[in-house]
Each structure stands twice: as C-alpha cells, then as structure tokens.
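What follows is a pair of complexes built around subunit A, which joins subunit B in one and subunit C in the other.
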Partner chain A sequence: MANALPSTLLDEALDGKGAAVFSTSPAADGRMILVEDCVETSGAFVVHHLLKRCLSPHSSDVVVFLSFAHPFSHYDRVLRKMGCNLSVQRDNKRLMFLDMLMVERLGRDRGKTSEDVFIALYGEIQKAVEVCLSHEVGQPITVIIDDVSLMEVDANGSSNLVLDFLHYCYSLAAQFGCSLITLNHDDVYSNEDRPGLLLQLEYLADVVIKVEPLATGLATDVHGQLTVSNKGIHDGSGKSRNKVHNFHFRIKDSSVEYFYPGSKT
Partner chain B sequence: MAANKPRTTSFSRNFSAASSTAPQAPGLKHGPNGTMFLSSGIPDLDKILGGGFALGSLVMVMEDPEAPHHMLLLRNFMSQGLVHHQPLIYASSAKDPRGFLGTLPNPMVPKDDKSRVHETEQEKGLRIAWQYKKYFGEHNSESQRDGKSEYCSDFDLRKPLERHFFSGQRIDCVSLKESADLATFQENCSSFLSQTPRDTGNIAGGRIAIQSLCSPQCEFSNKDWEMLSFVRSLKSLVRLSNAVAVITFAPSLVSTAFSKRLQHLADTLVSVKAIPDEDKELAKLLTGYQDMVGLLSVHKVARINTQVPAILEATTFSMKLQKRRSLILECLNQAPVDGSNGTSYASSGSCSGSSKTGGALDF
Partner chain C sequence: MAEWICRTLRDGGLEGEHAPALTINDTITCPLGSFVFDHFLSQLSSFIFCQKSQSNGIVLVALSRSPLYYEQLLKSKGFDLVTSSTWFKILDCYTDPLGWRSKLVESGSIRNLSSGSSLAVNICKNVKDLDELLSSILELGRELSGGGKGRFTVAIDSVSALLRHTSVSSVASLVSNLRSHDQVSSLFWLLHLDMHETRGTAALEYMSSMKATIEPMVQSVDGPRGNSENLSLMEQNLRRGKFCVRVKRRNGRVRMMFEEFYVEKSGIKFTPLSSENEMTAQSLVPKVQFNLELSEKERNDRAKVVLPFEHQGNGKTIQIYDGRKSLNDGKAETQPTSVQKVDSNRGEIIYFRDSDDEMPDSDEDPDDDLDI
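Now for the complex of A and B:
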C-alpha cells in the first residue's frame, strides 16, 4: 500500500479512468504523448512528472532523455525534490541523459551540419534501444524530448529535419514498442497559417496535454489549467473514443496538485 | 540579510567555497535552490524578482519601439557591474558602442540616501489608508539599507559614472553593425564566459549586455534562425558559467513567431512600455500618473533548479524617476472610483515619489 504511487487526476486522464495499474509506464505500448505549453505557463512540470513515473521503482522502464533546454543539474535538483534521484538512475543505466547543450557545441566545432548531428543523435538512441532489448527481460523504453522548438533552432529552422527525426523516433515505437514524450510550445506556431510541425505532432500523438494559464489571470493557488485529450481509450465494445479531461493544477516543489475547477477550498 | 547567513541544508557543498570568497564578491547573494543572484542595478527590480538576476540566466527585455526605456535598465545593469568590478561585454548596433559607457549613471553618495530616509519619515503624516499596501515592505527596506550599499546601489541618473570605476576593468564593447554574422561575437562571448566558469570556487559574476539585438541596422537582422541559434548558444554558455546576459529586442520589428521563440528562450522576461504624455483616461485611473515615465511588466521569472513558478503580487509596475534622479518601480495604485473629485487622491498618491507642488492640479 505504502509504496504504491498516489494516482493523480493527470495519471487517471493518461491511463483512462479506473485503469488498474498505475505502476506501468505512462506511455505504455508505444504511445506518444505531446505536451504543449506557452510563454505564460511552462509545461516542464508535466515532463518532470512523466519522467518520475517512468523511473519509479514499480516500472522497469529505461528512459532516454534528450535535453535541449536545461543541463542535467537542473533536472537532478528538480527530480530530487520529487523523490527521484536521477544520478543514481543514470548509474543504474535506467536513464540515459543526452545533454544537447553540450553535444551541439561539439558538433559545431567539428564543422558538422545540423543534419549530421541529428543523424548521430538518432544513432545513439537506436543503439540504446537495441542494447536494452538485448537483455533477457525486455525493458520498455521511453524517449523524452525537451523541447522540440529548440530542436528546430538547432536544425536552423528546417522543420522537415526535425519531423524526419521525430518520425524515426516514432518508428522505433512501432518496431520495438518504445514510447515517445515530447514537449513543444504551441504559441510559437499560433501565427503560422500552416504549422506543419505542430499539426504533424498532434496527429501522431495519442495523448495531447495542453498547459494553459487561467483565463482570469495569475493566482497564487491555481497556477493554470491542463487539457488532456486522450485518443486511445478503448471502451468495452472495442471502439476507441476521444476523451478530454480538463482540470486545474498547482505546482509545488515535491509534487503537483491537480483538481477540478472550483473543487479546491 | 538571510543571504549572509551560512546555509545548513544538504545543498551547502558549494556555499562553503562561495562564502570564503564572498568578501571579494560583494555583488553576489545566495538565492533559493542553490542559485546565486547578482543585482540588476535597480533596487526595486531586485525586490520584485526575489533577489535579482540569477547567475546563469538569460534576461530578455522587450523594448518599446518608440521609447528608450530599455536603456534605463541596461545602464543600471552595466553600472552596477562596474561598481562591483565585474567583467562586462556590451554590444549594440551603434557605430561606437564605447560612447554608451559615458552615459552610465553614478552611484548616489550616501548623503542623498540619508535625506531620502529623512523625507519618508516626514511624510508619515500624509498616509492614507487605501494605500496601506505601499507601506508593508517599508521596515524591510530600511533594515536592508546597510546591506544594500554593497549588493545594489542607488544610481543617480544625472551624474555620469566616475572615471575610477572604469580603470583596470575588463570592458569589451562590440559593435554589431559591421559584422555580417554573429559568429565572431559568439566567440567573443564564449571566451569571455570561459573566464567565469561555474565549478571554480572563485565566483565573480560576469555581465553581458546586448542592446537591440534585432535592430535593422545589423546585417543579420533578417536571418531569424541565425539570431535564434545565437541566443540559444549564448543561453547554454551562460548557464554553465557565472554570468548573466541581458538582451533587449523590439518585438515589433520581428515576426510574432520569432518573438515568441525568443520569449521562450528567456529565463527572465521583462517588457517596458512608455506611457503617452496626456492620456486623460489613464491619468484618472492611476494615481501618481504625472511622475510615471513608463510601465514595466514582468512576464517570466527565472526558474533554475525548481519547477515552481514565481507568482508575483503584481506583474505591471510603474517606472518613476524620483527627483529626476533615481529610477524606482512601484505597484500601480488604482485611484478610488470617485467621479466627483479625484484630484485630492491623486496628489496624495505621489507622496512617496516627487510630488511637484501644484502639478497635481493639471486636470
């Protein structure tokens, strides 16, 4: 009892109501989760939450974390407050952290194009996946990308390159049952008439988690609202339906409170 | 102040090294989550941001295209660095960026400071209940005054920075006008930042100030992605060193998508706006309108090593020049809705600012 993870509204929305096992990875069976946020409200906490769930002692997931946004020390500090030691997980080979703040510079110095860098990066991911699958216990693998819009910057604005990369990662899901979690900023694309990258991502994703500020402005006890649209929920009759959950959240250092609008006293 | 106390948490490993060098680095202060702050040069902005700019953060200032208010922020930021003997890079699209150093403000002499304290004492009789919020922080600010002279100075915008502050300092001035791309400047920055690495015990805190990054004078101003990748690599460089970079840019000169991307890259995001001279409606709505020179909004506060967002009590502040000398930021005080006679409220509203006698009766 004590060591069961407390399930939150977010977990329920991800897994479908009444899902019995919360100990499995958040994106089991090759699902793809897309987190969208905006300047006013950062969606990083959702990524932290998912990362923590992947690395929880109940799951046997291996995480490949592509960080374009922050160095390892940042995630280490944040996750440690949530009760998850990333350094230990990295030593246990459960976490493979690719710090793209550094790799990018290495690539630049050698005069590589961004395409070379991306190909090399995909190679690393693929190798990690194959190594994991060669173990006798097939560990599920989750690839987390934080965040896609910075990837575009590294690709010098070529969203096709980024899309190719993501498609390759997605195909890993089909081939080996990996899951993919990506963070993107949707307000960046709000003025484009055909935001190809965002639309593609939304099409591919099984779950889209949208993080928005409250329409009424900033508040100290409600930090924003989450909209989780889950495409992959199967009801008894074998049909899948789209289910949308909407709730508010409040971020704390050790955890995040989720609650339905107005239900907080 | 709490910053001077030795920490006893489990994260105290670096503090022992830091506190031994603290006397040499008066311009730094410990913040939460193992971060260090350096001062923005504006005492009120430091207070709003919870201590100052976090070391390793990228600060973006969104300009008002028609007013030079971002220069006020830049000047104070740079002056503060020079007062603390911190190395500095300044880049702008002007032909002679070194000339800008001549416009930096000088720290106020302590004598003035005393008179200011004295003045607030005198004005105590004028307090009116609906402005009580203004006085909440007063006790703190006065007890901080001793420490403040070290960490953050008050600057006198009318006096140029004294010459001795420039001597023996590392000040690089770069003109972005001639260079066709940002690669050389990026190399400048990285060699500059390699002198203030993160892991050594000697923490000094460097400052990078870039004025009007996207201004059309620069040749690269139409290469959005090049600028973005420059800002991105600057961000990652700064993150791994003990420096703060302040970049100002005019969002109206670039596309919305590009501006949003820049805003996402920023750790701390601030925008400044001038206020129209004779906006009668606004003047009726806000007290102390006559003294305001502009509005400053805080959109984002750096969140390093934590996921909790900083929720400020107010996000928009009025910029005022106190006695035309020092820049202060104040919460906006909405005048009470009293159609018959707002004048008496308005004149009392400026009691902490410089109330020009009779000036309040303009409307």
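Now for the complex of A and C:
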C-alpha cells in the first residue's frame, strides 16, 4: 500500500513491527487496550491516535465512542487538526458518538437508578454492534471509553457497577469480536491500598499503555514516556507478542512524535 | 511437581473425606495464573477423557473467560467437541452474569443472546445468588455422572469475580459445600491475590489442600519505570514465573515445593528450579561492553594457579622474603626458572626482582635528592 499511514513506534508496539503497513484496527481480534495516564501527562493523545487509526481510510472499523469527558465538538476540533473529519465519519455511520454529558441521556433525569442507566447504555452499544454486523460483513467494531474514572462518578462512585458494565462491553468481544479501548487515570486511586478498579482493568487488558512524565523531571523537547506492555500472547498469526516497549514522546500541534530515549538530538 | 498436583486432582478424595482442592494464586506483577489454570484444566481433561481418573467429567464455572475461549482451548488440545458434552460441561457465568442482556432482550431493545459456543453450555443469569449457582453446578455434575454414583471435578475461573459480586462468607460456603459433597472428586480455582483482603484469601486457603502461588522469578526493585533493567524484568514476568506450591497433608504436615515455568505458544512448560542466585546475579549485572563474568574454563584455570607461597613445605627450600635482607640474589633469580614447566596444566607465578640496584628497604632516605 503506497499511501499507508506512517507507522509510529506506538503502532509498532501495539502490533509488532510492520503490522501498521496493513493498517488494521489498533485493537484487532477483540483485544482490550487500557490507557493509564496521570495528572502531569494526559493520555488523551493516545486515545486520539487510536481513534484516528480506527477511522483511517485503510481500515473499515466502526467506532462506538462513549464520552464522559468532552462533548463532540472537542474531539471534532482535535481530530480535524490531525486530518480526520469526525462529522463526516459520523454521517458515514463509521462513528457513533454517545455524549454522556447530556443530562437527558438515557433518561437520567427521570429518576432512574444508575444501574438502569448503565443497562440502557449497554443496550445501546449492543444494538449499534448488531446493526453494524447486520448490513456489512466483517466490519470490526471498536468501543472507546473516555474515561473510566468519570464513568465511576456517573455511577455514583460504585466501581462495581463500572466493572459490571465493562465486563459486558468486554463480553461483546467473545460474541462479536469487538475491541475495547479505555482511558483511566492512575493517580486518582493512589490513596487506596487496593485499587480494585484499576487492578481489575489491568487484569482484563491485553495491552496496557502507561503515560507518565519523565523520571528525570521536566524537559522542553520530551513531554513524557510511554510504556506499552503487550501480553496478548495467544494470537493466531504465530507472533509472540508479550513484549514491553518504552519510548518517549513529544506532542506537537497536529501530531505526536515518538522516539526511543536518547535517539533524538 | 505440577504433575504431582495433576495426579492428586485426578485420583480425587477418599470415601468420607473432603475432595482435594487447589487454589491457584497470582498477582498483577506476574499475571500468568490463567495459563496455569488452563494447564491443569487440559491435563485433567485428558485424564478424564482416557478414563484414568476418579471423576467422570468436569464442570467448569466460567466467570472471567468466555465459553468460546474454552472451546478453542479444548480444540487446540485435540479433543473432539461434539462428543465432549459427555464429560465436559460449562456453566456460563460470563455472557450474562447479572441478567442485563436478558432484561434488554425482554424489553426488545436487543436481539437474543448466544454465547457463540458449540459446547454444552448452561447460562447462569445471576451470579449473586450462590445457592442457585451451587445447585446448577451439582445438577450439571449429576448429568455427567448419569444419575449414578459417578463423581466429577469442579473448576472455577475465577473466584475473584465471585468475590466481587458477593461476600467472602457466601463464597466460602459455596466452596466448602462443593468440597464436602460426596459426588465431587476434586476442585480447583483461580484467585487474583492482590485484589482481595487477606481474610478472603486466607479463608479460601484454609479450604484448599494445595495452594499454588505464581511469583515473579525476580522481584523487581522499586525504581523508576522506563529503566531498561526494570523493563526487561517486566517482560520476563509476562513469560515465566516461579511456581510455589504449599501442600497440606492429612496429618497437618506442610510441604513447600518450588518449580519454574515458562509460557509457550502451545501452553506452559514446567522445569525444575534453576539456581535462583545465578538468575538474580545475571539480571543484576548491568549490561556492559566488557566481560565481567568468568566462563567455566576460565574459572578452572584460575583455580589451578599456584600462588607463590603455596609450594612451600613440599621439599623445596623455604624462601621467605622478609623485605629486609635480600636473599642471595643470584639464587632468587635462577630458582624459579628451575621449578617451572613441571606440569603444563598448572599455572604458576614467576617473580623476578626488577634489578640488582633495587635494594630492598635500605636505610637511605628516598627523598634525599629532593631539595626541600
């Protein structure tokens, strides 16, 4: 493919070397990707990167985006700078955007319990998945959740409910081959001795992407480091994928630069 | 030793005793418990398939992985899925553990659910009701044993999911009811240690006759992430681990055993524990361009070198250089040459004085020529 997307270190860490040439969905074969960030370095750019990759012309993915953090216009602006028009994708039915910030969403104002709200939300996701699968064959579906900690707020702090919801989303992978991408914050759980939600997510995830500041402190040309631990070991193609990658990144206006420590002058 | 556990689970319990039970523990630093669980499951499956085991079948309670996953596991081990329903049954608590899907199907917003598996699957729609769960497990077991006195094995993947939905005491009562049931031949379950309070894990440990803990081979030092040493440790921990087993005998004697395992594409392989110190040493030596280690040959050669004082007392004149009187100089120079080449295999240190004008320790002031 002549005009394939340039493969970045992040893509390579996710799929192994050279896989991005074929530009399959970032979370192929029903994987779950967990992005963990912290206050100093936001992991939003990783989510944007993955979203853009799902919607790239080289893949046929359908994205269900659950936003607890920002309205649609925010993502639209960010992604447009990166060269991806979300409004068009939404009209093409490649993107289904569920804005959870709207109060009337799923009848929250009608005094429903948060469990009912989450059941209804799950129903909407599964319906979208079923619709996608009914009219076109083999369209992989990716569910993106931004972000889990705000979802917990929405669930009145019940992490169990969030986990139940995530379990149901994850179980779609077994049934329909959906993938799941979630963003969560590392440091909001730093006070607990046993961060149940985060741990559970880490057990569940096939790929954990940690976004952290540099251990050595602030730098002008390096904005932080990414640690990608990929434990999807049993994949059909015969690649052994349980690898841990570490590299630095620098966020630019319309793109992000990834490089190995020390390789940039 | 993993084999020994398999045999114990295969042989089951004696009449009138609790069934042997195995807890598999892991933590997030080395999250390989599910691979170990799969290993025991497939080992036991082949025993049962060949009818070498006390039990007639397995009831698998699937909470954290889909029935489809287990179907593929069985397929990859070469079992025939069509006939497997006579000895392998899945209680599916994965597809719809809380009844959300059936609620949505009833209200008409989604279509019917299917687990997508061709195995014999029974769906449990409320895992919070452990009494219900117990009776469904026993019912499936009865189907396996054909209503007779046949026994069956119970596998739970994983108890951590059960503990999230219910309390420690109800999970404990489920497990103990299963253990004491006279049709249960053996049981094993997976537990993520770091997700629960100590009292929960301890309660489950009391009820198991064997506990297998998966530990990282090398405990990582708390350092900054991104440190290349830590990264390779993290990577190692995703591939291999230490398998520590604690066995309680009937008389209360406790035995500890250790083994090592690594994950391969076809499953996991157990090997006897390699020298642990060596492992630690190897991983602690920083990666440098020059060689800090000695090879076996170099080590042997070093051992053969006779140090200058070691030949004393074996018939030759004893020479002690006390630094003050120079022994007859000529002799000191020639003697070593006569000793050499006795045995080419032995190393030797030959010492020549620099020259005659190097007088040892004269009374002369060495700084005499300085004009201070």
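Here is the rule we go by: the second predicted complex is superposed on the first by the 243 of 265 C-alpha atoms of A that agree within 3 Å, B and C clash if a C-alpha of one lies under 4 Å from a C-alpha of the other, contacts with A are read in each partner's own complex, and residues count from 1 in each chain.
Keep in mind that, in the parts below, a contact is a pair of C-beta atoms (placed from the backbone, for glycine too) under 8 Å apart; a residue touches a chain by one contact, two chains touch by 3 or more.
Please read these numbers as outputs of a predicted model, since none were measured by experiment.
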*Overlay done on subunit A, so just call it for subunit B and subunit C: clash or fit.*
fit
*In the superposed arrangement, which partner chain does A:Glu212 touch: subunit B (first), subunit C (second), both, or neither?*
second
_According to the stated criteria, A:Thr41 is in contact with first (subunit B), second (subunit C), both, or neither; which is it?_
first
*If you stack the two complexes on chain A, which partner ends up touching A:Asp146: first (subunit B), second (subunit C), both, or neither?*
neither
*asked:* Quick one: is A:Asp15 in contact with subunit B, with subunit C, with both, or with neither? Answer first, second, both or neither.
replied: neither
*asked:* Contact-wise, after the overlay, does A:Asp61 reach subunit B, subunit C, both or neither (first, second, both, neither)?
replied: neither
_CA minimum distance (subunit B, subunit C), superposed complexes, angstrom_ = 17
_Interface residues of subunit A shared between complexes with subunit B and subunit C_ = none
*Provide the residue numbers of subunit A that touch subunit C in the complex, in ascending order.*
119-120, 122-124, 126-127, 130, 160, 163-164, 167-168, 171, 173-175, 194, 196, 199-200, 202-203, 210, 212, 214-215, 225, 227, 229, 231, 233-234, 238, 240, 242-244, 246, 261
*asked:* Per the contact definition, I'd like the list of subunit B residues that touch subunit A in the complex.
replied: 33-34, 224-226, 228-229, 232-233, 236, 239-240, 255-257, 260-261, 263-265, 269, 299-300, 303-309, 311-312, 315
*Using the touch definition up top, name the residues of subunit C that touch subunit A in the complex.*
28, 31, 66-69, 94-95, 97-98, 100-101, 103-104, 107, 109-111, 113-116, 164-165, 192, 194-197, 224-228, 231-232, 234-235, 238-239, 263, 265
*Going by the contact rule at the top, pick out the subunit A residues touching subunit B in the complex.*
39-42, 44-45, 48, 70-71, 73-74, 77-78, 81, 101-102, 104-105, 108, 149-150, 153-154, 156-157, 185, 187-192, 218-220, 223, 251-253
